[in-house]
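Structures are listed in the sections that come next.
Each of the next two complexes has subunit A plus one other chain: subunit B in the first, subunit C in the second.
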Partner chain A sequence: MPETPSNPTATPAANIGGITTDLGSNALSPPEEGTTTEVSVARRLGLGFWLSVGWLVLVVALALLAPVLTLERGEARQNPDRSVFVLPHPEDTAVAGRLDGPSPGLWFGSDNTGRDVLSLTIWGSRISLLVGFVAIVIGFLVGGSLGIIAGYFRGWFDKVVSFVFTILLSFPALILAILITTLLGKTFLWISVSLGILAIAPVGRLARAQTLVFAEREFVAAARVLGAKDSRIILRELLPNVVIPMSALALLGMGIAIVAEGTLAFLGISTADGLSWGKQIFESGSNARTLETGPHAALFPIVVVFLTVLSLNFAGDRLREVFDAKELAF
Partner chain B sequence: MADQPLLELNDLSVTFATPAGPVRAVKGLSLAVAPGRALGVVGESGSGKSVSMKAVMDLLPRSAQIDGEILFAGENVRAMSKDRMKHFHGVDIGMVFQNPMTSLNPVKRIGEQLTEGMRFHQGLSKTAANARAVELLDLVRLPKPDERIRQYPHELSGGMRQRVVIAMALANDPKLLIADEPTTALDVTVQREILDLLDTLREELNMAMILITHDLGVVSDRTDEVVVMFRGDTMETVETSQLFDDDRHSYTVSLRDAMPDITQSRDDNLEVAAEDAGRHADIPHLRDPEKAIIRVENLVVDYPAGRGVFRAVDRVSFDVYPGETLGIVGESGCGKSTTAKSIIRMPPPTSGRIWYEGTDLSSLSAEELRRKRADLQMIFQDPISSLNPRRSVWDIVREGVEIWGTSGVWSDARLVELLEQVGIDPKYRDRKPFEFSGGQCQRISIARALALDPKVLISDEPVSALDVSVQAQILELLDELKEQHALTMLFISHDLAVVRNIANRVMVMYFGRVVELGSTDAIFENAQHPYTRHLLSAVPGLEALGGLDSIAGGASSDGSWLDSERSAGQRSEEVPALVQCGPDHWVAEQ
Partner chain C sequence: MYIIKRLSQMLLVVLAVTFLAFAAMNLLGDPLTNLLGPIAEADPADLTDDQREDLIEARETYYLDDPFLVRYGRWLGDMVTGDFGRSFKNNVEVRTEIANRLPVTLFLMVYAQLLAIVIAIPWAVYTASRAYRLGDKASTIVSFGMLGIPVFALVVLLFWAFAVRWQIFPTRFDDSDLGSRVWSLFLPAVALATPLIATYQRLLRTDLISTLQEDFIAVARAKGMSNRHVLFRHALRPSLFSMLTVFGINTGALIGGSIVVEQYFGIPGIGRAVIEAIIRDDFPVVLAVVVIVSVMFVVINVLVDILYSYLDPRVKLDA
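The block that comes next holds the complex of A and B.
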């Protein structure tokens, strides 16, 4: 091993000249309190990471609080003087003029039919975030477990799973999503499922690759010698190690799913049963006249999507960097 | 030293800025080496020996702050211009690194890698550079050099690769060769060949050489002067001939004492108490196989290799008796690990039978085997890789108990006791492995294996990754625990000195077969097989220690048996039978 000057515990306790004689006393040099890795994980993640997290918390909180913040349908027109934190119902048309610009009380302006863009954006986030979340959960549950099992057991199962992953990856993603939603219905559920299926292969391949790396390590052999069964080795030895790089991918994947939902909406495949960011951008942004006279109606949701996906990517990347570095140092 | 020193370090210090504050890796190192002389820099990991040479080579990260003077032939290295620096690195100094696997580019042919530097620094044409490459490979005694330059690194063995790395270092006729642990990754016989080569080249080319190593044996054979370092401080600088004198610095002495002594039999070394003396007499001999705890008969292990199979272990038979330590030695690839591990069916044997306490292990169902296997535990070579980085020490040590149910052998209190026994303070039980040093990790690993109260402990190179002082502690710990827990041990090692210190009996393996088997003293003092003699004669530092009787005669330690064996290219069909040649001593027929 090369010298590791940054790690104060790397060298064993030994007084010069007393090296071989300190076996009588039991405890060796105690590891020093609070090594650098512990002290500053939060700081090493950096300001960018915490800004991203802050934005994501804000978006999620607004999505969760939307029903509380919003008036009943039709109420907005009866009380034009609303306080700042009360939003008109997103489907209320003509709460303002058509394509009114941003103003106090109407922060994001209004769209083509006079709906409040802020209210639309907040309500749209509910479906968009949920689609991203459900898709990535499906990808993790199916792809992650297949990948870990394939990587651990190898053999024919690994061959079959890897082959399925390859097929999934080579299948044109959009066509698969169109196929599923057209056949089974353009609902929130089936859009999530089709995006989830698309997430299986990339998630599964990472899980498999990580498992291969850790299954080689001697602690897995040690567990087997102790008599651990395969299920225990997978759950207790491998999973905690594989989950770290996977969690970074989860954030990245959620961002991708949100964008994919928007893409599908642009192709006319979006939830018939609700609002979403994709649907909102499609409605306001696919008409050249609307874009010319009131670009804000499409721009605001686009900026929100952009910031959200950026935050997810950034947070995921930073997490991976920091934890990978910790692994490397170890 | 009549000559003007070629490289001179005056009060060199290296400080790294870390989040925890500055760390001084090298503190005021001064040394000088003259042309044609060899200087050894010795120390354990963290001593700053490599860092100081990296400072000379300007290979340190930017966060390192270098103070002091580095003079090369009187010229201040730290004041060199960029272009001069390039010349200094590429031409004036050659460097050989520890691992020949990683210092060569796997996708480039040997010839390309060799000629690159020459064409850049000497402006040679392609043909001229190629001719020079062949010359260099010939110089480092690589057979068939004109074929080698068209080969890729993976086609060469580890020793051959290290020769290529040396050839690369010599390509531009350096005046100084810095070798950083050049043989640590190599087998002992190959190590001797490489060190011999470096010696010869140094004389032929009148180079200066700096040899960085953790191994006092290596420097004692190969250098004129030695600098001993410890945690960045220079302990002393001493003529090699006086290294083993009594009035050395206390650290040098302790380093020397920590070295396992191959010339002393086990009992002298460990100063076994009087009551233990009888223990060895209790060990039943091969004549009484009924008493064996493990019996191995005609063990064969095949690995798939390409289309065919590679026979890693070829019809090996031996017995292990309760309470003894059987050392299994041999060079890498000889099948020593595979043999021991196939007892716990990792990997399962291809054929042959293994009995444990009279039960044929191959007749057991998977579940029965799992239960039996709790008796047979193992410790691994790499203390870091063998601990799960995400679990606490306590979880790791408790794992066996959890698997077999808390009603089992160990209560929490006994686990705490076990941690104390292996020398880990139980108050650190919630820490993760990365907070411990390599030696401490190995202790945790030992505690984990002992938690199930096993009867047999298979130790696969348990000290090879550790510093020599830590190595001595772990060996002593293993020996103690063996007594306390009434263990039988299989001890696999490539290090003969270590084996002499811990084993009661030794089995020497070569190319998947047993060549010699006998009591430790018989093997080390009266080695019969030419391969065993060859192995013994390659141990570094042997002369300084006074040599070994078994090879003092030196009749067949010249490796001629090995040469004929290697040139045959494959094994004979028949396994040579083991013939008894002493009361507890068997040797393969040649």
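The block that comes next holds the complex of A and C.
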């Protein structure tokens, strides 16, 4: 059989999936195949997972393509007939009336100043997604390496790092982000850094815990007996085993970072220039009169944020269940 | 012994948290600029007398002429004795400001917690007693959505639906008497409680399902007790532990959430005070609130741990 190499790895995971029994995909596979129930990873992740991934791909693709899809400033006003899928510039006011409802060509309607809500939402996603991504990268780079090194070498370094993690977790998250951004400045860079700092402790704790487990395993001992240097053991033996199971955490963490950035923007302490989902929702959703005449201006971005965060959470949860990293609680 | 150990750990964490906040103010940029804004860098000749006095006072209040560690020690001494300094922007004592603002925030938080518990417990009992059936599966989806929705999106949704579209609740915070206070804080409390309800429901449901497998439940059922009696009298109490553990952790999320909720609904609490202070670049207020709120958070978590160790003595042995 050509699939034989994948068999030993697939079997234990399939058994674990069988215990959770939530989607019943194992029960569907007929036992008369001869081998133990072998369901492809793609099937085990379930329809919901692929729907979430599809939504995320759509959002990311639109965010990346935004400059291509968007007209120059002022261009939309000159030729208001837009039958194809092109977006007016997000900062162009009066491309439509004030708070016009959704219609073909103006799919999400217009906001209080006559800007195109869809264009605003897509451009807002660029900042929100990028901040979330950068924050998680910082969290994984700093937290991950600190956690692995602390878990591997133990001793005083471990004590210091663990204490720092405890301190970071002792601040209410938003309070810490507010403190850092007010001191360093409300720019894209510092928002990402402060959210990245928030991610360090949870990521680092988990990396440390995973390292403690794997450092006891035979293959690490074997590498050491063979005379491998510490750096080689960390990079070649521990890193793949510790970090790959944490990929589920990256999705969950990105959801948290996007919400955090949205919250800062909603409170008016995110990037002063530029658009973001939080800022857009605040602008269209903080005034009772605006909400009364044109709720769509706030509701469309809310739905987009909600679906995006939900997809990240759901996809992360499913990955976590399937790869059975039990202690991946964020 | 356990309590002493836990309390000394707490003291260490409080010291570190205050140190970090104070160090951030002193080391990230010029402390005087952080405290006073642009006037710290301006030519002294261009300043008014009031501004020059502010400069002198800021130097004195935050001991900026001392070496850093001495500075921290003296500032911490002031904080401990309740002297949080003075706002340089609107000349209010930070202590008075906090004393005025904190009660509303605490009221809101307790309100949200009560709401969460009152809704989550019956919901969890319902889902656990019908585990893996249709109602339970639908509940799982609902609670997943409740956990996922950002507070800033939820406040707008709630406000739009129940204050603008169907005008059931007032659009503004009304503090004229207790009744109107409770009524006008209902939507804010629901927004804060939503993620809590989902967390509590999920945890309690899991614990209840495993409790319901225990022998003493079978005994209770065999004695012919009603289903309701078994669920609420026998199964509920031993299942409440996990809920209690996250109570402390949730306080942190609650603090973050209440900043958003207060800002959006115009509730004059401590969260709104922070945002107002940030917008007018009033760092002494921000620093004081950050320190006070973080210390509160640490203390609550430790108290929950200690309470937990009383309820489940095995915890003491682990530590």
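To be clear about the criterion, the second predicted complex is superposed on the first by the 285 of 330 C-alpha atoms of A that agree within 3 Å, B and C clash if a C-alpha of one lies under 4 Å from a C-alpha of the other, contacts with A are read in each partner's own complex, and residues count from 1 in each chain.
Here is the rule we go by: a residue touches a chain if its C-beta (ideal position, glycine included) is under 8 Å from a C-beta of that chain, and two chains touch if they have at least 3 such contacts.
As the structure is a computational prediction, the values presented were derived from the model and not from experiment.
Asker: For A:226, select first, second, both or neither according to whether it touches subunit B, subunit C, the two together, or no partner.
Answerer: After superposing on A, A:226 lies in contact with subunit B but is clear of subunit C.
Asker: First (subunit B), second (subunit C), both or neither: which does A:87 touch?
Answerer: In the superposed model, A:87 contacts neither subunit B nor subunit C.
Asker: Identify the partner contact of A:179: answer first if only subunit B is touched, second if only subunit C is, both if each is, neither if none is.
Answerer: A:179 contacts subunit C only, not subunit B.
Asker: Now for A:217: first (subunit B), second (subunit C), both, or neither, which partner does it touch?
Answerer: In the superposition, A:217 contacts subunit B only.
Asker: Could you tell me if A:298 is touching subunit B, subunit C, both of them or neither one (first, second, both, neither)?
Answerer: A:298 sits against subunit C, while subunit B stays out of touch.
Asker: Mind working out whether A:149 is in touch with subunit B, subunit C, both or neither, as first, second, both or neither?
Answerer: Neither partner.
Asker: Quick check for you: in the superposed arrangement, does A:278 touch first (subunit B), second (subunit C), both or neither?
Answerer: second
Asker: Is A:269 touching anything from subunit B or subunit C once the two structures are fitted on A? First, second, both or neither.
Answerer: second
Asker: Where on subunit A do the contacts with subunit B and the contacts with subunit C coincide?
Answerer: Looking at subunit A, the two contact sets are disjoint.
Asker: Per the contact definition, I'd like the list of subunit B residues that touch subunit A in the complex.
Answerer: 16, 18-20, 23, 25, 44-51, 230-231, 235, 249-251, 253-255, 257-258, 344, 346, 370-371, 373-374, 376-378, 380-382, 384-391, 399-400, 403-404, 420-421, 423-425, 428, 431, 433-440, 443, 445, 448-449, 452, 465, 467, 469-470, 472-473, 476-477
Asker: In the complex of these two chains, what residues of subunit C are touching subunit A?
Answerer: Within the complex, subunit C touches subunit A at residues 13, 16-17, 20-21, 24-25, 28-29, 34, 144-145, 147-153, 156-157, 159-160, 163-165, 171, 251-253, 255-256, 259-260, 263-264, 274-275, 278-279, 283, 286, 289-290, 293-294, 297-298, 301.
Asker: Touching subunit B in the complex: which residues of subunit A?
Answerer: Against subunit B, subunit A makes touches at 1-6, 8-12, 14, 16-20, 22-23, 26-31, 35-37, 39-40, 217-219, 221-229, 232, 236-237, 240-241, 326-327, 329-330.
Asker: Which residues of subunit A touch subunit C in their complex?
Answerer: 163, 166-167, 170-175, 178-180, 182-184, 255, 259, 262-263, 266-269, 278, 281-282, 285-286, 288, 291-292, 295, 298-299, 302, 305-306, 309-310, 313-314
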